[in-house]
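The two complexes that follow have subunit A in common; it is paired with subunit B in the first and with subunit C in the second.
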Partner chain A sequence: MFETMADLWQALPPTFQDTLWLLALLAPTFIVGGMVCKGYRPFGLIGALLWRYRWTNLVFILLIAVSVGIGVGLIAQERGLRKGSARAAEKFDLIVAAPGSEITMLFASVYLRPSDVPLLDATRFQNVASNPRVDMAAPIAFGDSYAGAPVVGTTAEFISHLAGNLVEGRLFQTSTEAVAGAAVSLPLGSQFSPDHGVGDGAEHGAHDGHVNTIVGRMPPTGSPWDKAILVPVEGVWEVHGLPNGHPPHASDRLGPPFDPEFFPGTPAVLVRAQELWSNYALRSEFTRDDMMAFFPGAVLAQLHSVMGDIRQVMSVMAVLTQVLVTAGVLTGLIVLTRLFSRRLALLRALGAPRRFVFSVVWGYAATLIATGSLAGLMVGWVAVGQISRIVSQRTDILVNAQLGWAELHLVAGFVSLTVVLALLPAFLAMSRNVLADLRA
Partner chain B sequence: MRRSILIILGVLSLTSTASLAGDHHHANDHAAHEAAAHGIHGLHAWTRATDDDHALVFVELKNESDHEVHLTGGHSAIAETVTLVGFQMQEGEAVYVPIPQVPVQPEGELDLMPNGLALQLDGLARPLAKGESFEVEIVFDQGHLMMPVQVEANNATQHSHAGHMH
Partner chain C sequence: MSLALHVRDLEVHAPNGRVLVRARQLDVAPGETVGLRGPSGAGKSSLLYALAGLQARMSGAVVWGDTDLTPLNDHTRARFRRQYMGMIFQDFLLFEELGALNNASLAAAFGAPAERHQIRHTARTLLQRLGLTDLGRTVESFSGGERQRVAVARALSNNPKVILADEPTASLDRAAADTLIADLTRMARDEGRTLVVVSHDDSLLSQLDRVLQVVDGELKQETRHV
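Then we have the complex of A and B:
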């Protein structure tokens, strides 16, 4: 029986499963509401109470809205950052480099946070490039910059793989031409001399005399490569006074094949095979004492598993915050019911049943909680958009966080839990001494 | 004095016997985590405890033959299907996609591990509890390798004996 139910559940489309979960989480609210209000029509009186104490009610609603908004916003943001960073790494199938830290190389070659790393020499590059299973072996030579934008040496094939067709201009055809990322402010035809190094430690004027011209622009990729300037790897070697990968009689040539005798080395190589299984075979082959090969996606997944732990902590914090707010709201509701206890006592004196008073107070509390939670979703939606924009600016990774089913489920659970607990102030209001309240 | 010497010898003898027994037990323990056939050596096959109807099996493989072999999939009595899968990021989400085969070079190694290659068991006949074990038949183009699989904790990242020399 249980297995049949489980199989049936697994067979449902994910959206349908999420919708059912949402309804299940909201069910206590509707069941309690139906039972409390059964036989009465307390809505007119609830509306009057809401209007009579509108400013106090507004404060309660805002309190709930901010609490819910922060909770759902944090969780959605973490998911957005995780997806954004993974999407930025998708084009990097397999990275081969000299032995060292995979994480350092991941940040350097995929997210363009350069570090001092050993170079992969000509023999090892030749091992990689000449492997029959390798479709593309593109050197990625980082370390220079211009006006804060990383200048990366690579091949035209890599640019086509990374970004597809250019939105402006053409690919480089000489070692002094360059292709700009989508977010680089230099227009086509601009000329620049790269600085040696990146950031505050960059040596300005170190490569004066070597002028590059922007001849093309990539479409947006949602990755730090949008702020990079891509030049032929031959150009990077030349400005550093090294052989340019080709023999003297073919020194104008760009791209592979490179001559091992004139290959100075590269920090990293992007390797691509047509089939996924070939990439696994290649990783196995290139993982040696003198080389390392790794899937950026796999390294990222390890980092994400750490982030997953952080997400759990954040989720617990979000729930705790909401529990604290719930406790505050319930305490406030008890105080509020004392505020209008004389009116409720008058209602009772006029002949209203105790359960009617109970339904009025509970309905009033449930309205505040539901309105505050809905407003919280709005707050979360706005906050997520703003925070995504700031994170994207700071990291150069396109973060497109959105509220999803997880947040809706969290809010639905919060609403149901709180409206059930709101039975307490309603019970206390119903149990008050009518005569004492009338005399108060 | 003689009595003291006898006591020391007795203690040494007991310690030695216990050590031999421990070695024997350890050797048995190792044997339970490895298998070899057709020039392929498998070590430390493991999976995570789960109540779901699917699980991933990881294992360290070494091709000790002088020719290339191809890993293609597997079979297990506790699962409807066993498929060779590879980890991939798609639209920012981690997924495992089916892979037809992976070659292993002569004297080459292939590690099936989390966020990499794995054998995916679908249609599990029963939940998998930490501490239990079951057998998986790993299929190569050259033949089959019967491999005991250890069930580790549901959040494990490696075999509990990973790093031990065998």
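Then we have the complex of A and C:
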């Protein structure tokens, strides 16, 4: 039925595969534990030692927990950020803009990061909008803001494409109406005059003569657009004293088609093809000396690829940090075992085999490691939630990072590696001079 | 039930080769109770630990029954102690966080699975015979006398043929020491166990069949009480 083991493996459900991986990674722990403790009952003594040195043990557990928590938290957070940024870009099929940096344009148009970019002129916009494969060509005109929220000029069609049905009110019908993002605090009916520019450099009162009224609100998109205020692109042009894309006799018109003669230019155009496969043809067609076209998802994938390399380095660093912390803890344990060396010597005097003493010390260390690692997962879980909240606030990208199988595998591997390392203090404790310790 | 001891030309050495204690000949009959006395640093405890097979550097012969401990490796000596010996120490050496019963039945943790139940049963019976009733209470709250009774129960929980005790009354007040002496000698004699005790306590030594002197690292004369 299955030609190779690889086929059999691939046929298994992903959860089953992950569970098997977890068990495989934990297997060394159980094998070592079974071999060390076989035939003995060291647990009462381990409990006694844990309780006797409970504060020292607590410090050891906290050290392990923090190092494990930071490791799994960072890795989960990176994955959450990657997913969140990809989700925020998924509505942006193809971006067309004047030649320049794709990454700069990606951040400016998808994530609404302030940026000075050249405009795509009327001729080129017309080339794009009139292409028979293009279903939607929405100008995206950014550069203004209000109370820190970006004010973006676009079309009603783009709003429907981005967010679906509004949760409140309606789409704009005049150049002075606006639709608020889900996280904008302005209620329906609020009026505002946009500032020219974004952030600290924004010119307050530059557009005081132009008042917009909020008439609708988008549902949450999990993207920076939740904090944006969307206005008709015609309004953005008008407020800057430019033609509004339509001839004077149709100056009240909103949305396409735009008249090239009255089209002042736009920083970016979101293009949606009529057929999915057409996107690739459109990208080739619009990638020219005087224009660039790119898939935000592809640019993001390149960024993620770089981040992926960093993630691998981070993963290795996280594991190394955890192992180093645990090595420090195990070194501490070697010192600590001297404190109870008399009692270990007593066990030998009473006739306990060396392996029993070995099992007590190893079990003691393994309990600290396992408890610290479990606590580390808890620390990681809490940290991931908190960091996600902060990153979401800072980037406006909804980051919903959660601990997953990758983190469980990491911790399982860490536990197995370190419980094997814990054989060392056990060996050293077992090898001590019984009589010297007994008479100490 | 008990074992005879025959020591021949025993020498215990320090790591630097110095002789810590020497015993040319010592014979203890099965069930006999013997005391070792002498000045501090004379080698009494070194001799006792040699009899227990705990000395790493010793020559000659220490024969319990028909088993000479001297040529045995560490593992086999430990097994011999586990099967035939009970040990009592001056400062009790209990696990403070464990209850009386768990301390007294410590050997169950590393004994053969088939013996565990018997060890705990014996430990419980011994503790009750020694007047301890609250067997679950952690021993850190026990008095010195109570602790040493727990230590005695621990030494006897594996039903040993030999009891080796190192200054068992040294950390006790007179009343507690007298109680312990009575308990220890009774439990040794009732079961016919061979008892070897290192002590400065005349009350204890006077209860034993023989007292041997260790002076300047040499096992010397003997005093017979009976």
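Note that the second predicted complex is superposed on the first by the 436 of 440 C-alpha atoms of A that agree within 3 Å, B and C clash if a C-alpha of one lies under 4 Å from a C-alpha of the other, contacts with A are read in each partner's own complex, and residues count from 1 in each chain.
Basically, contacts are C-beta pairs under 8 Å (C-beta built on N, C-alpha and C of every residue); 3 or more make two chains touch, one makes a residue touch a chain.
Bear in mind that the values here come from a model prediction, so they are computed numbers and not experimental data.
Student: Please determine, from the superposition on subunit A, whether subunit B and subunit C clash or fit.
Tutor: In the superposition, subunit B and subunit C stay clear of each other.
Student: Is A:353 in contact with subunit B, with subunit C, with both, or with neither (first, second, both, neither)?
Tutor: In the superposed model, A:353 contacts subunit C only, not subunit B.
Student: Contact-wise, after the overlay, does A:389 reach subunit B, subunit C, both or neither (first, second, both, neither)?
Tutor: In the superposition, A:389 contacts neither subunit B nor subunit C.
Student: In the overlay, answer first, second, both or neither for which of subunit B and subunit C A:302 touches.
Tutor: In the superposition, A:302 contacts subunit B only.
Student: Quick one: is A:39 in contact with subunit B, with subunit C, with both, or with neither? Answer first, second, both or neither.
Tutor: It touches subunit C, and subunit B stays clear.
Student: Just to be sure I read the superposition right, which of the two partners does A:277 touch: subunit B = first, subunit C = second, or both, or neither?
Tutor: After superposing on A, A:277 lies in contact with subunit B but is clear of subunit C.
Student: Mind working out whether A:288 is in touch with subunit B, subunit C, both or neither, as first, second, both or neither?
Tutor: After superposing on A, A:288 lies clear of both subunit B and subunit C.
Student: With the two structures laid over each other on chain A, which partner does A:87 touch: subunit B (first), subunit C (second), both, or neither?
Tutor: first
Student: Give me, in Å and rounded to a whole number, the least C-alpha distance separating subunit B from subunit C in the superposition.
Tutor: 51
Student: With touch defined as at the start, can you tell me which subunit C residues reach subunit A in the complex?
Tutor: 45, 49, 52, 54-56, 74-75, 78-83, 85, 87, 89, 93, 95-98, 102, 106-110, 113, 116, 154, 158
Student: Flag every residue of subunit B that touches subunit A in the complex, lowest number first.
Tutor: Residues 53, 86-94, 97, 99-105, 108-111, 115-117 of subunit B touch subunit A in their complex.
Student: Please give the residue numbers of subunit A that touch subunit C in the complex, ascending.
Tutor: 39-42, 44-45, 47-49, 51-52, 342-343, 346-354, 356, 433-435, 438-439
Student: Flag every residue of subunit A that touches subunit B in the complex, lowest number first.
Tutor: Per the touch definition, subunit A meets subunit B at residues 6, 10, 82-87, 89-90, 276-277, 279-281, 284-285, 295, 297-298, 300-302, 304.
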